[in-house]
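Please find the structures below.
What follows is a pair of complexes built around chain A, which joins chain B in one and chain C in the other.
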Partner chain A sequence: MTIISIKDVSKSFKGNVLFENINLDIRKGQIYGFVGPNGSGKSVLFKMICGFIFPDSGEISIDGLEIGKDKRFPENFGVIIDRPGYIASKTGFENLKELAMIRGNISDKEVVETMEMVGLDAQSSQKTKNYSLGMKQKLAICQAIMEKQEVLVLDEPFNALDVDSVKKVRDLLLRFKEEGRTILLTSHNQDDIKICDEVYRINRSKLELTLPLIGDSHS
Partner chain B sequence: MSNVAEHLKDILIKFRWIVIGIVIYFYGILLKNEIFSNASKDGLMINSWDVSLYLLNDIYIIVYFIVPIVLFISATIVLSDFNYMTLIRLGTTKKWVFRSLRRFWSKTSILLLILVFMSFYLTIGVPFSWDWSQYSKSNISHDTLGEIGLVFTAPFVAFLFQLGLLVLAISILHIFLSLFYVTIKKRNIFLIMCAILFLGSVVGFKLFPEEYAFLSPTTYFTLKNFIDSFNYPLIGLVVLIGLFIIFYLYILLLDINKRHYFQSIKSYLPHGIYLILCLTGIVSISISADPSKDTILDVLVLSFQGSNSESFSYFSFFYYSIVFFGLTYLINLDISREIEQIGYYKIIRYRNLEKWFWSWFRKFLLKVIFFLLLLGMFSIIIGAIVGLKTNFDVTVLYVDWYTILYHFIINGFLQITFYILSVFIISWGKREASYGLILISIFMVLMLPGINQQGVIPVGLNSLVNLLEHSPYRITLVLLIANIMIYLLIKYLFTKSFKN
Partner chain C sequence: MISRQFLIEFKRSFTHKNLLKWLGIILLLPLISFLPVSTGYLYFQPVDVFQETVGFIIPMLFPVLVVFIYLPSFLQEQKNHFITYTRTRVPLNYYILVKGLMNALLTGFIILSMMFFTFIFVTFIEPNFIQIVDYSPPLPGDHEVNVTFSQFLEYGTWTYVLVYSLWVTLNAIVYSTISFLLMIILKKSFVAISVPFLFYHVFNFVSGVFGIAQFSPLSTVFPFNIEQQELWTVFVPLGILLLCISILYLIVIRNKEDWMI
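Then we have the complex of A and B:
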């Protein structure tokens, strides 16, 4: 079942053509990886899918609803795009609670459980301004998954995480896949991409399907 | 409930609010002493409203204290709250703007509360009355309280108006900043805009001449400046509400991919520019008319007088060219499209060139009639709006009103029809819209002085100035013959096309 449909999408950014008539159907319950050199447009692609920016031409539909026409931002998406901003004077829990209150569909207990899931201490009085990069990244992952979002759009989710945390998050993503959630992620690390069902390389403004690397060993 | 009380207590006892309260209090004491000293000098009675309204209307505390704090709160909220995590949860940018406004007021309301509280606190020991005091009615206070007293019957009403004004103006300021950031998404430019607004406030009340005071943000923060700029507060309120409506309309557009709309606007751009030019001519003639003697029909005559071999002016000639040849050119573009792009697909279905021709040509004829009626109506309405006499006399031409209308509508219709048929022939023969432009240029030359002396060349005959020399019915006859001839030529070309 197609959940995200990208049709003939083109996008230029500051004079550079990032995408030219790309087409892609994202099916429910799969993990998709996107790779490409820096500045190739991975984040721009994710921003277009989430409705944060519009394509120059073509259309992107989520569950049959066109972004920018029928809907602005898709529902039930968890996102990590760019460096997430937090209220520096609040703790991690307070920051997440602030976000959870927007929709109001999860309890404090669920926020705490999500924090524990990624290895953050919910009871800690440490303000986010004193968080390490890795802790901030874990907090970003928490906010993207805590409301049991159906689709996760994760730009470099493993950045700044230690080895144990990377493994923990990878296992978490595979569990989400089993639950039927759809995941889109980018990474520079081949090991991270191994969990993907399909991997696309952004090459010369096009999306090229590369072979899935599942089962491939990486030294 | 206890949670709410705790939260409120937490907020109120924050150090920054205490500092703000102290600053306002001490500044208020200075103002209060000033009122006391002025009033006692002249032996005038004051009341609590003098102190309260004087503080709320003090431009220095507004510009150098309240505005910077408001801008700081607004900028902090916009910059911290506009992030992808929040947006994806809210679903639309529109919701974000309103959420941002709510968050802004959750902080700014405390500032406003402190200001109002201090304005009342300083009245302790001052007699209370529901009426304006002797002092506020005197010439001494004419700078601030007197002007307000002239507009508002009771000080309490003025106080409520001042509060409402502050709430509305500050809300609009925050909405503007939110929309500005949503649009540009650049932190530095946003901060520069905040600085410009602050400097605009400082410079505005000092340097802006009275007639441009409405451009200064400070005008909308105090009742005194508001009255100075708009004479009557309701007009200022209309400006603020108008701004709010404009911003709201923009908010509605935020979540739409404007690409589709720009494309459709682009296709109507020539028509839009054309209409603006038509209206500009009518408006400029209406404004230059003399309301003491000119009538609304004079606007019609002066606008569409055109030119002929005897009577020529550049303005009339060019305005005629814009209105009538401009319309011909726009129709020429449509005709070219009809012929080049879709003509053949349609012709093959109609199986008859004449049927195909009338299928679209009659629509153009209807549009021409509608257009002429619209032009006539605009002339009359704009003439009436600028205050010209609303009777149906014509003072600039010795002709009856019905002759004018007959010539404008009937001969105008026949003349434009002739132009359209002429450009059709060119388009049909050359399959290229630019040849239509060459024909229009030839028509323009034929309207120059000394060329069409007998009025038999069917170009520019619908100029109202022709009524000076020719009967409108003679012109109708000339145009009818010209149209029949050109239509017969088209029929001939159609027959020839089939033979080929």
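Then we have the complex of A and C:
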């Protein structure tokens, strides 16, 4: 079942043509990887999918509803874009609680459980301004998954994570896939991409399907 | 959705740290201003003490105070890209609108409370419990100093204080809203926060140099250092500021694509 549909999308950004008439159907319950050199437009593609920016032409639909037209922004998306975001003077738990309050659909206990899932101490009084890069990244992952979002759009989710944490997050993503959640991710690391069902390379403003790596991902 | 977001923002704003800060502005600042003017002067009535108290330190700090009430928390959210992660939870325009309204509401409420507390303190608390101010009835030959807004005294002290406090509140909202809009437009938030302060003090200086002190922000918001002027004069700087707000608002709407990313 197609959950995200990208039809004839073109986008230029600051004078550079990033995408030209790209088409892609994202199916529910799959992991999609996007690779490409720096500046190729991975983050811009994710921002368009999330409705943060709009295509110059073409349309992006979520569950059949066009973003920016039928729908203002995709609900139930968990997102990491560009870099982790946080309020420096608050603890990790306080940051997540501030975000959770907006929808108000999860309890404090669920926030704590999510933090534990990625290896963050929810009771810690450490402010996020004193967090290491890896801890900030874990916090970003927490906010993307804590409300059991159906679709995860994760730009470089493994950035700055130590080896154990990378494994933990990879296992988590595979578990989410089994639960039927859809995941889109970018990474520069081939090992990270191995968990994907389909991998697309952004090349000369087009999306090229590279070989699926399903066999490797579950080995 | 907006009303829900407004409630959430209201809840988020009432942190221990903010409460302490706001109480400091409402209670401590008038008391600090009161001390130097409480002795060494002869007053006819409490409203004179009120005018001296709010006309002492508060006018100097006014442009700093109004951005200090709520905007530091918005600055923190902006600085480390927190707002990006609210965008899959609530439409960004709602989020920003609610922030702007909350800024106006809280700034207005805190400044209004500060003005009223000053009045209540000098009118009821000081004469009954502290009694350090010298009051004496005016002698023949003494003349009462009238300032802009004194014309409202003929309708009673409460009316005067209410009108005057609302006037200061309105100015506070306008100054802090200008900073808020600039924070959305400008990349450097520190500049955005400093602009009202610069406008306030530079315009005071310039109006003094050109001999039009009756139009200076200081003399129109806190008109206690200048003899009574026509009431319309106070609306001149306010008019300029409202024009600035309108222009800034249009820029925010026009550059939506830039700040939304």
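Here, the second predicted complex is superposed on the first by the 213 of 219 C-alpha atoms of A that agree within 3 Å, B and C clash if a C-alpha of one lies under 4 Å from a C-alpha of the other, contacts with A are read in each partner's own complex, and residues count from 1 in each chain.
Note that contacts are C-beta pairs under 8 Å (C-beta built on N, C-alpha and C of every residue); 3 or more make two chains touch, one makes a residue touch a chain.
These figures come from a predicted structure and were not determined experimentally.
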**Request:** Assess the superposed three-chain arrangement around chain A: do chain B and chain C clash, or do they fit?
**Result:** clash
**Request:** Check whether A:Lys206 is in contact with chain B, with chain C, with both or with neither, and answer first, second, both or neither.
**Result:** neither
**Message:** Looking at A:Leu99 after the superposition, I want to know if it touches chain B, chain C, both of them or none. Which is it: first, second, both, neither?
**Reply:** both
**Request:** Have a look at where A:Ile87 lands relative to chain B and chain C in the superposition and call it first, second, both or neither.
**Result:** both
**Asked** Which of the two partners, first being chain B and second being chain C, lies in contact with A:Ile67: first, second, both, or neither?
**Response** first
**Message:** If we overlay the two complexes on their shared chain A, which of chain B and chain C does A:Ser57 touch? Say first, second, both or neither.
**Reply:** first
**Prompt:** Taking the two structures together, which residues of chain A meet both chain B and chain C?
**Reply:** 50, 52, 72-75, 77-79, 81-82, 84-85, 87, 99, 102-103, 143
**Request:** Enumerate the contact residues on chain B facing chain A in the complex.
**Result:** 80, 83-93, 99, 254-257, 259-260
**Message:** Give the list of chain C residues in touch with chain A in this complex.
**Reply:** 5, 8, 11-12, 73, 76-77, 79-91, 257, 260-261
**Prompt:** So in the complex, which bits of chain A are touching chain B?
**Reply:** 50, 52, 54, 56-57, 67-69, 71-75, 77-79, 81-82, 84-85, 87, 99, 102-103, 143-144, 147
**Residue numbers on chain A that touch chain C, as the complex places them** = 47, 50, 52-53, 72-75, 77-79, 81-89, 95, 98-99, 101-104, 128, 140, 143, 149
